[in-house]
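Look at the two complexes coming up: chain A is in both, with chain B in one and chain C in the other.
Up next is the complex of A and B:
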C-alpha cells in the first residue's frame, strides 16, 4: 500500500446502515437538538411510496409532517429559495433529504440559505466560502450509486440568469447518511444496474487515478468486491434485501473513495456525453469504464491488477498470471456489463450506439462524438487521469465505446 | 458484513499527511473560522524542535498563537480548569494538541470545558452530556503517538471521557515530526496501532467502513514498522507508522473497547509504560484465546498481514492459524531487531511484583477482569501460560 508524498482524506458523515436504519433518525435528530425537520424529496420518490416508509419510521417523536415533494430533476435556485422560506416560516430546525443527486444538492442549498441567513446564495459559491457548521442535514439516498450522501459539493442552477453555481465545503457534508434497504427495494432492474455501475466506476477510478491514497484505496477495494458480487444478484432478484443493503453500503464506500481521490477519463467523457446527449450518467459510466482502464493500463497495470482479487476471488486470481491480471479486470467489467444487459432484457446498453431514448431512437448518434470529445476538454476530471488526454484521444476512446470494441491500445499516446 | 442489526460508523477526523503538512494548518483553521488557536503540548516529550516546527508553520499567517507546553503525564482536571480560565480570558478559539498521550487527552477535555463554558472543569466527568460540536481541535501526533489521538476518547483522572464530539476534526501527520530518536519509540507507536487495529479488524461486529481503516492500519504497520525501527531516520516509513496510528484510532472509536486496549491502557495509566510495549507482549495470546473462544476471527488478518498472493494461496480453513503464525513471526523479528529495548515480559519491563499487584487490583474491577488478570500473570516472567 503506497503512501503518497502528501494526501488529504475526510469523510465526517455519520453513516447508519441496516434494514431498519430509518428508525434511528428521531434519536439522532434529538441528540443534535433538532425536533422539527423539513423533509424534501421529489415526485418520483414520493410516488414510489418511499416517503410513507420514512414518515412511518420517524413516528411522532419528532414533528416531521412538513414534506416538500416537488424538487425538480435539475436543481433550481428558485426552488431552493422557496423551500428555504418554507423552512423559516415553519421554524424548522433540520433537513431530511430523501432522494438522489438533485434532492441532495437542493437540500445543501437550502441549508446554506437558512444557516447563514443568506439573501444571495451566490455569495457562498466556490470552495471554502462556508466557515461554520450548518443545520443538521440527514441524507437518505434512494439509489445505490451516486454517493452524493457523502460528498461535500453541490451544484445549484440559476435558470433565470443561466448560471450554474458550484459549492464545495466540508460543511456541506451531510451530518448523517441513512442507508436503508427499503429505500432501494423497488428500484427497477435497469436503473439498479446503471446506478450500481456508477458506483463501480467511482470505486475503480478512485483506485487508479492520481490522487489515490491509502484510505481511499481501502474504501475502493471493499466497494469493488461488494458491487461485483451483489450487483448482478440484485438486478436479477430485486427483492434481495441483503443484496440491496450491501449495494447501498458499497455505493457509499465508493462515494467516500472517489470524493477523496477524484476520478479520471471515465467521468470526464461520461459528463460530456451526458451533457451533449442527455443520457443517464450511470449508463455512460458503465459503458466507458472498461475503456478508462484500457486507456491507462500501460501506466497503472500493477495497481489495476490489485482489483482482481476482491472482484473475482482467490481461484481466478491465482489462475491468472500476474502480468495478465489488469487485463482480466477489464474483461470482468465487460463481462459484468454483458450480464447486466442479458438480465435486463437488453435495457442495460453495452456500448454508446445501443443507448436509446423513449421512442427507441439512438441517443448518441455517431456524428456527435466529435462534439462530446470537444466538450470533455472543458471538464476538470481529466486532471486526475494517469495518462494525458487531448481531443484525438477522447475521440478515439469514444469511437471504440460507441462500437463496443476493445480499445486498440497501440494507438494510445504514451506520455 | 453483519446486516442483522443496524450499524453506524463515524470518523469526524480529516487527515492531512505528508511533506510540510503543517504548513496547511493556517488555511485549515481559517476555514473553520478560527484565528486564535492554543497549542497544548508536553514539551519534554516532543522536544523544542517539534514546537518550533509547528509554530514556524504559521509563518506570516497573522494568526495569534497561544502555547502551553507544560502538560505532564500527571496532568489532571485541575490543569484543565487552569487552562480553561486562561482560554476564556484570552479568547482562544481552537486547540492544537502537539504529540500524543496526555497532551491530546488534556486538549480534548479542555475543548469540552471551554466549549461548554464549564464553571469548574474539575467537576467534569464521563457523565457530562456532550450534545453539540465543540470548538475546532487539531491533533499533531509525533513519534510516540499511541493512536488514541484521533479517537473520541480522553483519559484523565482515571476516568474515560467518550464522545464522537471529543474526536479532533483534523489530524496533521507531518514527515518532520514522524521520526523518532530511538527504534523503541517507533515500535511502541506501531504496536499500539497494530493492537487496536487488529482488535477492531477481528471483532465479530466489525462493519465495512471500520474495516477500511483497520485494514489500511494493519497493512501499513506490517509493511513499514520494521524499516522504521531499523532506521529511525527513515522519514517515509516513520510517517507510514504515524498514519497507521491515526487510522487505528478511527477504527477503535467505532469498536467495542477490547482486551488489548484495556491492558495497554492500565499499564500506561498506572506505570507509564507505553501501550504498544504491553500490547506487543500480549497480542498473540489475546488473539489465540479469542480465536479458541470463537469471539474473534483472526483469518480476517491474513490479507492485510500477508499480502494478496499469500492470502489467496492459503485455504480458507487455514487462514486464522496462518495469520497468527505470521503475527508471531513479525513480533519475534521486531524483538530480534530491538533486543533488550523491547521488553518481552513484565520483569524485563521492570515491573515489580508490588506494582503488578496494583495492576491486578484495577483489572479485577473490569467485567472481563478474571481473564485480563490471567493474561497479566502470564506476562510476568515472559513465559506463556497455556489454558486447556
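Up next is the complex of A and C:
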C-alpha cells in the first residue's frame, strides 16, 4: 500500500443504513433542533411511490408535509431560488433530499441560499467560499451509484446565462445520509446495472488515481468487493433486499473513496461523452472503466493487481501469477459488463456504438469521437490520472471503446 | 505567569531566492515558447485575448505573472496589482514551492497532495499546466524534466527538441 507524504481525508456524515433506516430521521432531526423539514424530490421519485414511504417513516414527530417534487433532471438556479423562497415562507428548519444527483445538488444550493440568507448564489461558487455550517441536510439516495450523499460538491446550472456553477466545501456534506433498501427496490434492472457500474468506477479509479491514500483505499477496496459480488445478483433479482442494501452501502463507500482521492481518465472521457452526446453517465463509466485500467496499467499494475483479491477471492488471487493480476482485473470487469448485458437483455451496452437513444438510433456516432476527445481536454479529472493524456490519447481510447475491442497497449505513449 | 512570544516564521532567503529566480526565468521562457513552439502558441490562442495568469507561493510570494497583450504573450513581472488575473495558481507555502520547483514533485502530484490551489476556470488552468509542462521539457535535461512532468515526450522529433531548446533559451536570455 502506498503511503503518500501528505493527504487529506474528510467524511463527517452521519450514515444510517438498514431496511428501516428512514424511521431514524425524526430522531436525528430533533437532535439537531429541527422539526419542520422541506422535502425535495423529483417527479420520477414521487411517481414511484418513494415519497409515500418516506412520509410514512417520518410519522408525525416532525412536520414534513411540505414536499417540492419538481426538481428537473438538470439542477437549475431558478428552481433553487424558488424552493429557497418556499423554505423561508414556510419557516422550515431543515431539508430532506430524496433522489439522485440533481436533487442532492439542488438541495445543497437551497441550503446555501437559506443558511447564508443570500440573494445571489453565485457569490458562494468555487471552493472554500462557505465559512460556517449550513442548515441540517438529510440525503436519501434513490440510486446506488452517484455517492452524492457523501460528497462535498454541488453543480447548479444557470440556464439563462448558460453557466455551470460549481460549489465545493466541507459544509456542503450532508449532515445525515440514509441508506434504506426500500429506496432502490423498484429501480429497473438496466438502471441498477449502470448506476452500480458508476459506483464501481468511483471505487476503482479512487484506488489507482494520484490522490489515493490509505483511508480512501480502505473504502475503495470494500466497495469493489461488494459491488462485484452483489451487482449481478441484484440486477438478476431486483427484489433482493439484502443485495439492494449492500449496493447502497457499496455506492456510499465508493463515494467516500472518490471524493477523497478523486478520479481520472474514465471520468474525464465519460464527462466529455455525456456532455457531447447526452448519454447516461453510468453507462459511459461501465464502458470506459476497463479502458482506463488498460491505459494506466504500465504505471499502476501493482496497485491494480490488489483489486483482484476483493473481486475474485483468495484462491483466484493466489493462483494468478503476480504479473497477470492487473490484467485479470480488467478481464473481470469486462466479464461483469458482459454478464450485465446478458441479464438486461442487451440494454446494458458493452461499447459506445451499442448505446442507443429511445428511437433506437446510435447515441454516439463514430464521427463525434474527435469532438469528445477535444472536450475531454477541458475536464479537470485528467489531472489526477496517473498517466498523462492528450488529444491523440483520448481519441485512441475512445475509438477502442467505441468498437468494444481491448486497448492496443503498445500504442500507449510512455515517457 | 509565563511569557508568551510571537513566533516569527523564518524568512528562508535561499529558498525564496531560488523560487524567485525560477519563476522569473520560467516566465520569460513561457513568453519565448509562445513564439517558438506551435503547441504552446495554439494553447494561448485558445485563451481570451487579454488573458492573464499568475503562479506563485502563498502567503507573500514570490509570484510570476504572464498574460496576453493584443494577442502577444508577455512575461509581466512578479506583481499582478492593477491587472485582472483570470487564473491564479497558488502554491500553499514557500516550502511547497521549493519542492515543486526543484522537481522533487510534479505539478500533478502537487495538485493531488493539495499543495497547488487553482483559483479560476479549470479548462484555462489545465491549458496553463500543459504549457508549463512543455516549457519545462525545453528548459530541463530529460532526467530532471521526467521528474517534473507526468510523461516526458520521448516521441518528439530530435529537431523539435533541439530547435525548440535553442529558440527558447536564446529568447529567454535576451527577453524577446
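Methods note: the second predicted complex is superposed on the first by the 415 of 415 C-alpha atoms of A that agree within 3 Å, B and C clash if a C-alpha of one lies under 4 Å from a C-alpha of the other, contacts with A are read in each partner's own complex, and residues count from 1 in each chain.
Operating definition for what follows: a residue touches a chain if its C-beta (ideal position, glycine included) is under 8 Å from a C-beta of that chain, and two chains touch if they have at least 3 such contacts.
In this text, all values refer to a predicted model and were calculated from it rather than measured experimentally.
Engineer: Applying the document's definition of touch, where does A:126 land relative to chain B and chain C: first, second, both, or neither?
Structural biologist: After superposing on A, A:126 lies in contact with chain C but is clear of chain B.
Engineer: With both complexes overlaid on chain A, does A:7 touch chain B (first), chain C (second), both or neither?
Structural biologist: Both chain B and chain C are touched by A:7.
Engineer: Check the residue A:211 against both partner chains and state whether it touches chain B (first), chain C (second), both, or neither.
Structural biologist: In the superposition, A:211 contacts chain C only.
Engineer: May I ask you to decide whether A:96 touches chain B, chain C, both, or neither, giving the answer as first, second, both or neither?
Structural biologist: In the superposition, A:96 contacts neither chain B nor chain C.
Engineer: For A:413, decide between first (touching chain B), second (touching chain C), both and neither.
Structural biologist: It touches chain C, and chain B stays clear.
Engineer: Determine, under the contact definition given at the top, whether A:15 touches first (chain B), second (chain C), both, or neither.
Structural biologist: Touch partner of A:15: chain B, not chain C.
Engineer: Could you let me know whether more residues of chain A are touched by chain B or by chain C?
Structural biologist: B
Engineer: After superposition on the shared chain, which partner residues are touched by A:219: those of chain B (first), chain C (second), both, or neither?
Structural biologist: In the superposition, A:219 contacts chain B only.
Engineer: Where does A:249 make contact in the superposed view: on chain B (first), on chain C (second), on both, or on neither?
Structural biologist: In the superposition, A:249 touches chain B alone.
Engineer: Looking at A:383, would you say it contacts chain B, chain C, both, or neither? Reply first, second, both or neither.
Structural biologist: A:383 contacts chain C only, not chain B.
Engineer: On chain A, which stretch or stretches are contacted by chain B in one complex as well as by chain C in the other?
Structural biologist: 4-8.
Engineer: Mind pulling up the chain A residues that touch chain B in the complex?
Structural biologist: For chain A paired with chain B, touching residues are 1, 3-21, 23-24, 31-33, 128, 131-133, 169-170, 213-215, 217-219, 221-222, 226, 242, 245-246, 249-250, 252-253, 256, 306, 309, 314, 317-318.
Engineer: Considering the complex alone, what residue numbers of chain C touch chain A?
Structural biologist: 108-109, 111-115, 119, 122-123, 125-126, 129, 133, 146, 149-155
Engineer: In the complex, go through chain A and note every residue touching chain C.
Structural biologist: Residues 4-8, 126, 209-211, 262, 377-380, 382-384, 386-388, 413-415 of chain A touch chain C in their complex.
Engineer: Considering only the defined contacts, which chain B positions touch chain A in the complex?
Structural biologist: 1, 3, 5-21, 31-33, 131-133, 164, 169, 207-209, 211-213, 215-216, 219-220, 223-224, 236, 239-240, 243, 247, 308, 311-313
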